[in-house]
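Two complexes, one shared chain (subunit A), two partners (subunit B, subunit C).
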Partner chain A sequence: MSQPGTFIHPGVPRIDGEPLLSIDDLQTYFHTDEGEVKAVDGVTLAVEEGKTLGIVGESGSGKSVTAFSIMRLIPEEQGRIVGGHITWRGKGEAVGLESIPIEQMPRYRGAEIAMIFQEPMTSLNPVFKCGWQIAEAITQHTDAGWDEARRRAIELLTEVGIDKPEKRMNQYPHELSGGMKQRVMIAMALACDPRLLICDEPTTALDVTIQQQILDLIGKLQRERNMAVLFITHDLGVVAEITDFVVVMCPGETLRLLDSGDDGKDSAGFDRGGHIVEFGSVTDIFNNPQHPYTKGLIACRPTLKTCSKRLPTISDFIQAEKQGMTLDPTDPYLEIDYPGRATVSREEMRGFGEPLIELKGIRTWFPIQSGIWQRAIDWDRAVDDVDLTIPRGRTVGLVGESGCGKTTLGRTILQLVRPREGQVFFEGRDLTTLSRKELRPLRRRLQIIFQDPYSSLNPRLTVEDTLVEPMTLHGLYENTQGRRDRAVWLMERVGLKADHLYRYPHEFSGGQRQRICIARTLASEPEFIVCDESVSALDVSIQAEVINLLLDLQDEMGLTYLFITHDLSVVKYVSDVVVVMSSSRVMADLYEGEERERIVQEARGGHIVEMKPPDELYRNPEHPYTRKLLAAIPAGDPQQIRRRRKAAEA
Partner chain B sequence: MILFKLLLVVLICLAGWWLTHRAVPWTAVKLGRLAGFRMKMTPLTVRRVRRFQQIRRGYWCFVILTTAFVLSLFLEFYVNHRPLYIAFEAPAAEGEDTRTHRQFPAIASWFRLWLPEAASERLGLSADTRSEDFGLKGDSSVPYHDYSRWARDPEELEKDAASIEEWIEEDKERFHAMMEEFAAQQDEVHDRSEPLPDDKIAEYEEKRAEAAFLRELKTHFEAGRARILMPLWPYSHQQQLLHLPGQPPHKPFVRDTVSTDDPTASPTRIPFFGTDFEGNEILAQILYGFRISFAFAMSVAFIGYLIGVSIGAMMGYFGGWFDIIVQRIIEVWGSIPFLFVIIIIASIMQPSFWLLAILLVCLQAWIGITFFMRGEFYREKARDYVQAASAIGVGDPKIIGRHILPNALVPVVTYLPFSIVAYINTLVALDYLGFGLPPESPSWGRLLRQGAENIINHPHLVGFAVVAMAATLFCVVLIGEAVREAFDPRKYSRLR
Partner chain C sequence: MWQYIIRRLLLMVPTFFGITFACFLVLRMADVDPVATQMEMGLQGGQVSQEAMEHLRKLYHLDRPWYEQYARLVGRLTVPLCMDYSEEGISVAGWRLFSRMACDEGARLTLDLGTSWRDGRPIVEIVGEALPITVLLATLSLLIAYFIAIPLGIYSAVRQYTVGDQITTVIVFMLYSLPRFWIGTMLLIFFAGGHYLEWFPLQGWHSFEGFDEMSLGERISDVAWHIVLPVVTLTFNAFAALSRYMRTGMLEVIRQDYIRTARAKGLSEHMVVFKHALRNSLIPIITMLGLLLPFVVSGSVVVEFIFGIRGMGGVALEAIRLPDYPLVITIVAFVSLLTMVGILLSDIMYGVVDPRISYGKEQ
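This part shows the complex of A and B:
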């Protein structure tokens, strides 16, 4: 196997013995309009019986394509396996999965190798009952009759921890919650006692508390059934939680910097697709990472311990490695300087800490309508009685699980959604009483950055049009030329090039798009920005870069942030105050007896349950819901997890 | 001659292609730049267009159909019974210079299509000619077919004159034979030297004068004083070929020249594609029918979409009460039976092109697209870029027009070819039933009805109309299919 550049990577796995599944130098290429894309380019790994192997990597590293190649699920029109071997020893003799006729694949899919996917919402067929779908999988692969299959299905549902399995059998997928659906998916995957379970980001779409439950469930099933598990994820914290061995995959492009020779020309390494850079046991990977990419991955994700002012990024590690330095990714005080870092501090700005926005008794309820005249028959209480003060120059972190109303609260502040009751004071003016027209001049000063960088830019406008529009609208700068100059300045400030101005959004990567969104937000020179899950959809390394950028801009311009996220580690890292939101529906399960009755009766929508500075909140959570949230954070440290698990067992 | 004409057809097609696919887009881009637009396709559009071009059959149909439509806008220049150019140099009277009379009737008839009558009068463009101006007698229009035949070969005039004289002799002979038979019945002998009756003499005098006039005319034609340039296909839907031998309809593909009893009618070729019951040439009817059907469908689709897209956009964007009320209105409006309304109106007044188009728009065409646009806007307005725009403070009209609409046009583009098919069908059906366009306008539907009534004796009437309609609709459907595929974000793929 050829290695790019000068690095000899330490842990590229060797295959010895006869593992259950072994992949040798797999190459899967896709054909696109722009030419061939090397999705997987040299993957060698082995999954031992009864062990869990994790594949970690950022998007574009080819980790999912590896799984799809094993199952031969890649449509022929789109791509194919061009090299390497996939050897499966399910029933003693070795089968080359990459070369058998596709007609024979159903013998292995489901029966010997099962797979669960990221999106439980779309992986179940919405028109069939859950029980029927599980029973069908059983009848497909065994000669069990329908009654037998039904009985097995109920057993499986019990095994994956679903209460009242008989009732769930007759329910349709939309009647179940996300976590429940993922459990049903797992039950389906287990239907025929597979030897290997491939989990492709099974918890990414779920809330932290549910994620914890699903991870525990997969771990338990794996031990009980002595299955092999191939666990694919982008989240190192999750990997630490569940796996025995870890393979780190990396998009070839990331290593361009590392492999470029002294004469500045790109070496062959850049041309390479996604491949493995490191392999090892989970403790080795976390405690003694060798490859700079792995180190970067570990370091750039803020943990609860991180104390540095700015986050290190993967390119920092690659740069350092190139210059012969060694950085310790687990050092919580690691500080790395980079060009563009803010030189001033927000604490010195005028008016720092004075209240900028005050919410009083905000209730945002959405009507549930019915009939041909669409009368409101009930209310969806997204935000229910929230009081909050946001001081100038500070960051207020807002956390909560999905459905707790945190996004609605952010949009209510900006009056994108009008509240049903309550006041939003901005510099003493009540925004809720202003008409749309009166609000328009104020909109310049209150802005929002969205979660999904793919849908928050108009695909039909060039970057320049996108950036100039807010300036034109609010009459900033005198003429078009002045606005264009400002757009160039903005692009450079957020770390993009001026000649990117004439491109369209789809020509950029996710991280670059989020930078454009930030530039658009800054174009109107706001004072207050709602960051609505702004970094959640990004890869960890890009997330670190964007967080750094947001922090620099805050220091430079004295911005005030409302930082909405579900990621408790990130919120601890960026915030000055953390606000935890929840609703009665979510919290009811935490209580028992009369207290539970009271909470259910109250049926209060999303509201604040706890508000404290981050250090204090994490050290001393008072509300039971906060405690539950904090317990579910993946620690990202295998030793700590082991300690915790032991404590739980004892 | 045939080869020359075919070459001309090819040249016209090439010119049409160049005009449609080079000149018009280029001009549009230049004009757009002048008006201050950037006039550059977004990469997304570029990719879609490229994918559309890769679907060969759809793309070729698109090229052929657009070229055909643009060419059909200039149909008067090459399919017309009027000459492109006609001139006659009147012989000089005493003390005067020779005066040449020139006219461009075909071009004038083309202008009359676009300009109001008064305007083309003022330009001195008259589609009608007076025989007197061109060396003939009388006030009526010049017989262009004869005129061009004479101009091509002045000997034809001599032949025509000779045939008149021949006819006189024959007629005399016939008269005498009749008289002899009559005399034989009376047991008398008919004396051939007896003078003819006065009325016969007067008739023969007139004929002889006509022959003499033709001979005199021959001198003018031989001197090259008369010039005429006929279009490529010298027939049109406005001309009833009554001088042809026999009763219309004439069968197609009859290559013989037929001489007749009528002295004034010279031996004439029957048009290659035959005629219909009114004596109109079929190919000209089909071609002009294509123009009117396609123009009708395009206008209906365009106006309908203009209304439907704006209403659907507002329904989707504003939602709420506006949406609910308009939805109910559409439900009621959509249940009005289109055909009965047209029949009632047609029985009161003769529908014209625009009346029919507007009726179709009002009753039907605007409704279908509103559903698509409403759905599209409902989906797009929830996207973050719309939220971002309104967070910046962009007003509603600008959000609808600048932000959402360009992203919501996919259903319009994919739906358009299929609705054009539907409106062509509607027009043909109305014409077939007799509630369509006024009788003087060319129409496929009327041809179909005439043919359907006489399918045994004259199958060509149905045949040509069906071939033309099927070819057009087939092209449009193939285009529609290709457009839909090119705009589909997912390429065809299948998990195995």
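This part shows the complex of A and C:
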């Protein structure tokens, strides 16, 4: 495979020849109330016929905006392309997509360039049948009538690996699972044999095993149809699975530190929006990253090999670069000190390792009601017979795919949902027998951090109000002044400033908001915290910072965590014990014949299939479901990728 | 689906009793003696003997305890539908209707709601005269409101913040804030009063003279001519509110991911808006239908007053003044039934437009 561009200087590829798509010095700016935001600032790249190019970067790096610029999908009132060229050679002659009237774009969209999006849940129109939506794309660009279009749609559904395509044609999007919806999206994108498929984070919202299937599917279709693919993701591990060449994009803001002069003033060069900092083959990027941003991006995502006590972050690498040091991002033992790192260890705390929470035979079933009198005709067995002990000061990692009951289990422990059967012991007291009133004083000690920092903070409360409220509720500290002082302490502890206290949640970034959520949780001085996908929605470097913070707090305060996540690498890194949850429905596909019959008959809801210390679990997974999960983890290791890809092609 | 509808219909029963009871309670608490008021209104200052008034009170059961009064009033509304007066004894309502209509030639289905205290006329008759015109006014104005509001809302949303949108916004808010009685009066002055134009009649919903001799077609055109101004007056506010809802709904939908998908598919902007966005943005405004119905009915009080139309509004006003307990309760019952059915209908339509809504369908 030839390289679609060569370096002029690091980070800027030059365009040679006449590639299918070439983007030259693209600038896309957004107009906001605060002025112009340079979302994409001088991006140059090329996609060759039948090749796959990956774009990697964090949110705000302009990678999605680059894709939307190609399709001209940015609403005019929000932003526009202010400079550069997008040259498309779909049918021989070159078309400048950036300058043609917007009314002409439908000719290219869907027909020559197709796109799939991040959120399969919301990307299909909920009021139209799946088949109709695919057929519509066909009739739009070809002379085919509806019957012909329907027939082709069924073929496409078969091609993207959907079983019973005739049935799916007549189903509405909400009747399909997330993975199936993404397959329908792909079928729709392929409807008119596009020359280029743009994939904007197509697997981010999916479970790890489904992600693997979708990646395999895109790879297969790309080879079979000799289609070019532009693959956008924030996950280096994922991009390594599917592409050969990668550009790394970075928001200019991140490099402020690097570019600022010795006198502390910003140099002229940093004031740049999202742009490309590095370009190369996947192997090169992984084995020999040049730019500190790329190094940080590789290092901050924990892999199965990571052994560092704390995760390095992108700013660590930029700092190091500035001071003229070189850090090896692939070193699994890399330890970097930072202010605020815990100086004590949880092992020294009183009662460490003693059972704090014990679950006995927990069954949380939700009734499925029907009929005029709304009688329960069946049960949704979210959690079905779980026994688990959580020792004080330790982290129990809970993994599983959507619908395995992991979130319900977390909420059952906190008695946010009451189980139908079983006991939850907290320091020997059975929480299930307590009334709401009796539970209230215990709530102080049992807390939760949610996934979405955007919706879990009340937008009408200042940060101070948010932090003081739980203290007032539980009567902590004598007076308001004492609580305010504590709020200041909490803010500083989670790495924010005291003067941020008077701001409202919308003034913060996602990572900062999650820090506020953590501070709020700590305000009531809990002993046990359920982290329900608490780091899943964050960018990798922010994720590393928040994980470090959680680990520091655990060491300092002897906290006990139940760490719920679908990310198998993160859970291995943070946990002392890993619990894998699944249900009969999810697992039925793993078996064949009589065994399968038995599993289907059993119809057991979410339960624990395997529970081991992380090293042992990952080295020696016993349960077939665990093995399947582990096999689906994106490698993030060039050698492993090459091996896996050969196997896929064979 | 059927189970859902049956359940909702069953739930209407307690709601119905709740509403009528609350209404009865409020009337009672107002502590106005209907007999005395009636006498005053009827005799214009003359005298009535105490015995006559007592007699009337007895006749109206006003001497009975409150619960018996309520039971008698509401009993009127429910009993004729549930019980059989004939010699065969009590049977199921539906069966009775059927059997009586089928077997007993002479008998016809009568709905006995009692008589008005004011003039002793059967309530069925009073309501029967007043209800059709009110329903006609309400339905027409709602239909027109929807027909104008939907395209206008779409226009404002698609052209958000353009001059066209700004102008529509200003006009719509102006219309919305103008009181009905003012609009009605202005319309009368300018289009019916004879000072400026005399396009429409001043009063009533049909011609007083010669209406009975007209053929059906003539009658329809006569009524249509009469109700133009009332319907316009009644349409204003509903239409203004609806177009704003439509605009907001459309703006909400146009930002959704699936609209981006539709564009990425290569659909023209026209197709994106009218095929992919429209159906989704209709969902919230359909629910409005059930909620708007009672407002339009109550709004017709003012309109009927201005245009001299004797509809439910006028009847209700007179009945409350007395207070004519049986008539008031009947009207309240009618309006609440109308509202409940309206809400149920909009919920059912919600399920028709939005496939994600299912009413207790089992997987």
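To be clear about the criterion, the second predicted complex is superposed on the first by the 629 of 650 C-alpha atoms of A that agree within 3 Å, B and C clash if a C-alpha of one lies under 4 Å from a C-alpha of the other, contacts with A are read in each partner's own complex, and residues count from 1 in each chain.
Rule of thumb we're sticking to: contacts are C-beta pairs under 8 Å (C-beta built on N, C-alpha and C of every residue); 3 or more make two chains touch, one makes a residue touch a chain.
It should be emphasised that the depicted structure is a prediction, and the values quoted were computed from it without experimental measurement.
J.: Quick check on the superposition: with subunit A as the shared anchor, is it clash or fit for subunit B versus subunit C?
T.: clash
J.: Return first, second, both or neither, reflecting whether A:Ala137 touches subunit B, subunit C, both chains, or no partner chain.
T.: Second partner only, subunit C.
J.: Between subunit B and subunit C, whom does A:Ser370 touch in the aligned arrangement: first, second, both, or neither?
T.: second
J.: If we overlay the two complexes on their shared chain A, which of subunit B and subunit C does A:Glu469 touch? Say first, second, both or neither.
T.: In the superposition, A:Glu469 touches subunit B alone.
J.: Let me test your reading of the model: by the given contact rule, A:Tyr108 touches which partner, first (subunit B), second (subunit C), both or neither?
T.: second
J.: In the superposed arrangement, which partner chain does A:Glu77 touch: subunit B (first), subunit C (second), both, or neither?
T.: A:Glu77 contacts both subunit B and subunit C.
J.: Kindly classify A:Val578 by the partners it touches after superposition: subunit B alone (first), subunit C alone (second), both, or neither?
T.: neither
J.: Determine, under the contact definition given at the top, whether A:Pro126 touches first (subunit B), second (subunit C), both, or neither.
T.: Touch partner of A:Pro126: subunit C, not subunit B.
J.: Tell me the contact category for A:Phe117 with respect to subunit B and subunit C: first, second, both or neither.
T.: Touch partner of A:Phe117: subunit C, not subunit B.
J.: After superposing the two complexes, find the one stretch in subunit B that runs into subunit C, choosing from 147-155, 183-191 or 345-353.
T.: Once both complexes are placed on chain A, subunit B clashes with subunit C in 345-353.
J.: Report, in rising order, the residues of subunit A that make contact with subunit B in one complex and with subunit C in the other.
T.: Comparing the two interfaces on subunit A, one with subunit B and one with subunit C, the shared residues are 73, 77, 105, 372-374.
J.: State the interface residues of subunit A toward subunit B in the complex, per the touch definition above.
T.: 33, 72-73, 75-78, 102, 105, 372-374, 411, 414, 416, 439-441, 443-444, 446-448, 450-452, 455-461, 469-470, 473-474, 504, 506-507, 517, 520, 524
J.: Which part of subunit C faces subunit A closely enough to touch in the complex?
T.: Per the stated touch rule, the residues are 3, 6-7, 10, 160-161, 256-258, 260-269, 276, 279-280, 353-356, 360, 362.
J.: Quick one: in the complex, what on subunit A touches subunit C?
T.: 71, 73, 77, 103, 105-111, 114-115, 117, 119, 122-128, 136-137, 140-141, 172, 174, 185, 188, 192, 368-374, 377
J.: Using the touch definition from the top, list the residues of subunit B that touch subunit A in their complex.
T.: Listed in rising order, the residues are 42-44, 47, 324, 328, 383-385, 387-395, 402-403, 406-407, 491-496.
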